[in-house]
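Two complexes follow with chain A in common, the first pairing it with chain B and the second with chain C.
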Partner chain A sequence: MIEVKNVTHWYARNTPEEVKAVSGVSFNIEPGEFVAMLGHNGSGKSTLSRMLNALIFPHEGTIKIDGLDSCDEANIYDIRSKVGMVFQNPDSQIVCSTVEEEIAFGPGNLGISREEIYKRIDEVLKMVNMEKFRASVPSKLSGGQKQKIAIASVLAMKPAYIILDEPTSMLDPYGRRQVLDALSFLNKSIGIAVILVTQHMQEAFEAGRIIVMHRGKLVYDGAPEKLFSDGKKLESLSLGMPASGLISESLRRKGVKIGGLYPKLEKLAEKIADLYNKGGAK
Partner chain B sequence: MIESSFIDVSSLSYTYMKGTPYETKALNRVDFTANKGEIVGIIGPTGCGKSTLIQHFNGLLRPESGKVIVDGLDLNVSEVNLRDLRKKVGLVFQYPEYQLFEETVAADIAFGPRQIGFAEDEIGIRVKESMSLMGLDPSMADRSPFSLSGGEMRRVAIAGVLAMKPKALVLDEPVAGLDPLTRKKMLDMIVNLNRKEKITVILVSHSMDEIVEIASKIVVMNEGMVIASGNAGEVFSNSKVIDSARLLLPQCTELMVRLSELGLPVRHDLYTIEACTDEISSLFK
Partner chain C sequence: MNFLTNITIGQYAPGSSFIHLLDPRYKIVILIILITQCFLIDKWFLLIAALLFFVVISFFTGISWTYIMKGLKAIIPFVAITFIFNSVLTPGRPIISYVYPDGLIFGFNPSDNVSSGQLFSLNVTAEGLEFGFFMSLRLIIIVFATSIFTLTTSPMEITDAIESLLQWGKPLRIPAHEIAMMMSIALRFIPTLIEHLDKIVRAQMSRGADFESKSIVTRAKCFIPVLIPLFVNAFKTADDLAIAMESRCYKGGEGRTKLKDMKSGWKDVFALSFTLVFSAVLIFLQFYDRVSK
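Entry: the complex of A and B
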C-alpha cells in the first residue's frame, strides 16, 4: 500500500521565491488499484507523483510504500523498484540503441542474472504487445510504440505500482489508445496498481477512482461519475467534461431528457435510442 | 483564388540525412495552400511530416524540390530575405514555454522585435499589445516568466511571436499538456487572433474534436503525403483516409454513426457538437 500522510513540499523553500507545491495531502493507494490524478497546470500533480517514488521528498508528513518510509535513505532503492515511473516524453527516458538493451538496462543495474533478464524482456514485451520489436531501434518507433517501450522497461523492474505523468500528451489518437489499452491490461490481468496523471478527461474514466489536485491541495478523491456530474465544480477546478459529457449537456439544453451522465459514448447512444424507441419522438 | 493564397506549396519534397544510411523521406510531393484569413488544421499520425512541412513556412527548412511561396516571397530563390519572411510568419513550436529565457516577461516578449532592430518605444508598444492579445495582465510584465503557470508561460511564448506582428501564425500542438480550462481559453484566443487581428492561422493538432470546432479547412497527412484536404465533411466522410492515417472521428460524429447503427434516422455527416445535438433533438420534436 502507498500511504501518503499530511504531505507538504516547497520549492525554493526559505527564499523569496518560495512556492508551496503540495500542501497537507493525505491518501492511500491499495495494490491493484487504478487511480487517475487530475488538476490544473501547476496544481502539484507532478510534484506529488515524484514523491511517490522517492525522486523528491516530503518536507512535512510521511510517505510509506509497503511500509517503507521514503525519507529514510536506506529505503530509496527498494522504493524505486516497487514504484515505477513513466514520464511525458519517452525520448527523455529512452537511452539505449535497441529495444532489448533498453529493457535490460534497469534490471542489469540491479545485478539480475542474464537468464532472468532475457526472461523478463520476453515477458514485458508481451505485456505491452510489442514482441515483434525486440531488435528494433527505439528512435525508429512511433510515439505510442516508444511510450510502450518506456513502460516495458519500467515493468522489467517488476514494480507493484506504476506512475505515469501525462504519458499520452505527445501521442496521436492511435498511440494514445495503444498506451491506454496496455495500462488497462497491466492493471486488470497482471494486477499492477496504475496511477495515471492526465489532462484528458476521457482517460480518467479508465480509472475506478479519481484524485483531483487544486493549488497544491487534494480537493477530490472518489468515483469518476460523481466528479463529472457537476459541471460548475469541474470548471472551478479547471477541469472539463469529456466529449460525451459536453454532448449530453448540449442535448439537455435543447430539451432532450437524457437524465444522468454518460461518460462512454456507447451508453449515451443506447440511452438516446431507448428514448426514441419509447416514443419520445413524434 | 491565387491572389488570396498566403502560403502556397506545390510538389514539395524533403529528405532528412540525404545520402546516408539513415536517409528518411519526410515529405513526398506535398501540395498545400493556406488562404489569407483562414484557420487551417493539419492532422495526421506522429511522424507523418507535419512538423517538417510547417518548418518550411518560415524558412527554417528550405525546399529540396518543389515550390514554396509565402505572401509572394519565393523561398526557392536562395537570396530570399529570411528576416522579411520571419516577420510575415510566426512559428510556435511544441511546448514553446521551454524556450523562455529572459528575466522578465516583458524582456522575453521584447527579444524578437529588439533583434530586428526596432526603436525602444516601438518595442514597448508591441510588448503591451501582444500581452493584451494573449490575455496577460500588464502587472505580469516585470515578473519572471518562470514564476508563471504552464498555461501563462505558453501565452508569454506566443506573445513573443506576436510581437513581430506576423501576418500568419503557425502553431504546433498549441494546447498539448494544458488543463481543460486553459486549453479552452487558448483556443478562444487563437480564434480571436484570427477573427479580430485577421491573422492567418495554421494549426497542428492531434485532437479531432478541437480541430473541427475551429478550423475552416483540414489537411490530413500520412507518410509524408497530403492524403486529404477540405472541410470536415470532405475529410471525415472518407473512411479510407480515416483508416490509413489511423484517425479517430470527432466524438460527436462517432455518436451519430452509432445512433444510425442502432436504427435511428440521423445524418452522420455532422462534425460539431452544436450540429449533432441539433440533429438529435430534432428527432424529439
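Entry: the complex of A and C
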C-alpha cells in the first residue's frame, strides 16, 4: 500500500523564490488499483508522482511504500524498484540502443542474475505485446511503441505499482490507444496498480478512482462518476468534461432519461441505441 | 534536410554476422592495431591493401554496401581539407605555384624569383601531394574501419568492452564505468539530437531563415538560432534522462549485471591472429627494402 500523509514540498525552499508545490496532501493507494491523477500544469501532480518514486522527498509529512519510509535513505532503491516510473517524453527516458538492453537496464542495476533477466525480457515484451521488436533499435520505433518499451523496461523490475507521468501527451491518438490498452491489461490481468497522471479527461474516466490536484492541494478523491456529474465542481477546478459526459449531459438537458455516466463512449452509444430501439427516448 | 537522417556514423546495425558476433574487446584491440599500422606504413600499395582489407571485411558484415557508403560520404569535406592543406603546406619541390603578382607558374623554383620582388607564393609541392594523398587515404581507412566497428557492435557492447579493457587502469583511478556509460549514451542520442536539429531547422525555415543562401555569411548566421535551441534541448534531454535512469535504480557500475557475457572463443583468437599476421606482413613489406638497401 502507498500511504501519503500530510505531505508538503517546496521548490527553492528558504529562498525568496520559494514555491509550495504540494501542500498537506494525504491519500492511500491499495495494490491493484487504477488511479488517475488529474490537474493543471503547476498543480503539483508531477512533484507528487516523483515523490512516490523517491526521486524527491517530502519536506513535511511522510510517504510509505509497503511500509518503507521514503525519507530513509536505505529504502530508496527498494522503493524505486517497487514503484516504477514512466515519463512523458519517450525519447529522453530510453537509455540504451536496443530494446533488449533497454529492458535489461533496470534489473541489471538491481544486480539480478543474467538468466533471470533474459526470462523477464521475454515476459514483459509479451505483456506489452512487443515480442517482435526484441532486437529493434528504439529510435526507429513509433512514439506509442517507444512508450510501451518504456513501460516494459519498468515492468522488468517487477514493480507492484507503476506511475505514468502524462505518458500519452506526446503521442498521436493511435499511440495513445496502444498505451492505454497496455495499461488496462496490466492492471486487470496482472494486478499491477497503475497511477496515471494525465490532463486528458477521457483517459481519467477509464480509471476506477480519480485524484484531482489543484494548486498543490488534493481537492477530489473518489469515483470518476461523482466528479464528472458535478458540473459546478469541474468548472471551479477549470477541468473539462470528458466527451461521453458532455453528450449525456446535453441529452439529459433535453429530457432524455440517459441514466448514469458512461466512461466508455461505446457503452454510451449502446445505451442510446437501446433507448432509440425501445422508442422510449421521450 | 534529407542529409540529416542519413548520417550513419556511430550507428548500430543489428545483425548476426561473424563480425557482429566477435567479442567486442577483441574488436577494439583489432581496431587499434589496424589503425596504428596505417600510420606506420607509407607506401601507396600497402595503404591500398589495408583499404581493400576493410572492404573485404565489410562484405562479411552483411550490412548493405550503400548503407556503409552513406556514412562515409559525410567525411568527404574533411578528406578534401586534409588533402589541400597537406599539399600546400608541405615544403619541397613545387609543381604548381601561385605567386603574387605573377600568377600561376608551373615548375617554379623559389630561389629564381627572389629578385623579381615576389610578395607571396603558395606552392603545391610534389612531397605535399604525396603526403596529402597518404593522409587522406589514412583518414578514409580510419573512418571506414571505425564505422564497420560501430555498425557491428552495439553501444552497450562497446561500453562493456571499454569498461572491461579499462579495468587495467584501475590503479591509475580511471573511472572505467563512467567513461564507458557516457560514450554509450552519446552514441544512443545521436539520432535523437538529429531529430531535434531537423525540427528546429524546419521551424526556422518556416520563419524565413535562408539556409540555401549563396552567401556563406548569411548561411552561417542562420545557424545561430538553430544551435542555441539545440543546446538548450540537449541539456533538458540530459536532465530528463538522468532522472529516468535514477528512477530505474541506476547507482553506478558497482554490482550491475551486464546483459551480455563477454565470452571469447576460437573465433576471436582467430580474428586477432589473422589481424596480427596481416599487419606484420604489411609492416615487413614497408621496411623490407630499407633493410635490404
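To be clear about the criterion, the second predicted complex is superposed on the first by the 260 of 282 C-alpha atoms of A that agree within 3 Å, B and C clash if a C-alpha of one lies under 4 Å from a C-alpha of the other, contacts with A are read in each partner's own complex, and residues count from 1 in each chain.
One rule holds for everything that comes next: contacts are C-beta pairs under 8 Å (C-beta built on N, C-alpha and C of every residue); 3 or more make two chains touch, one makes a residue touch a chain.
Everything numeric here is computed off the predicted structure, so don't read it as measured data.
Because the two structures share chain A, they can be overlaid on it, and in that overlay chain B clashes with chain C. Using the contact criterion defined above for the overlaid structures, shared-chain residue A:Ile190 touches neither chain B nor chain C, since it reaches no partner.
In the superposed model, A:Ser92 lies in contact with chain C only, and not with chain B.
Contacts of A:Ala223 after superposition: neither chain B nor chain C is touched. Legend: residue contacts after superposition of the two complexes on their common chain; A:Ser81 is shown touching chain C, with no touch to chain B. In the superposition on chain A, A:Gly111 contacts chain C only, with no contact to chain B. The interface of chain A with chain B does not overlap its interface with chain C at any residue.
By the touch criterion stated above, chain A contacts chain B in their complex at residues 17, 39-43, 88, 142-144, 166, 169-176, 199, 201, 235, 238-240, 243-244, 246-247, 250-251, 254-256, 265-266, 268-270, 272-273, 275-276, 280-282.
Residue ranges of chain C in contact with chain A, taken from their complex: 12, 14, 154-156, 184-185, 187-188, 191-192, 195, 236-237, 240-241, 243-251, 255-259, 261. Remark: chain A residues 50, 53, 55, 77, 80-81, 84-85, 87, 89, 91-98, 100-101, 104-114, 117-118, 135-137, 139, 153-154, 157 touch chain C in the complex. Those residues of chain B that touch chain A in the complex are listed here as 44-47, 94, 147, 149-151, 176-184, 206, 208-209, 246-248, 250-252, 254-255, 258-259, 262-264, 273-274, 276-278, 280-281, 283-285.
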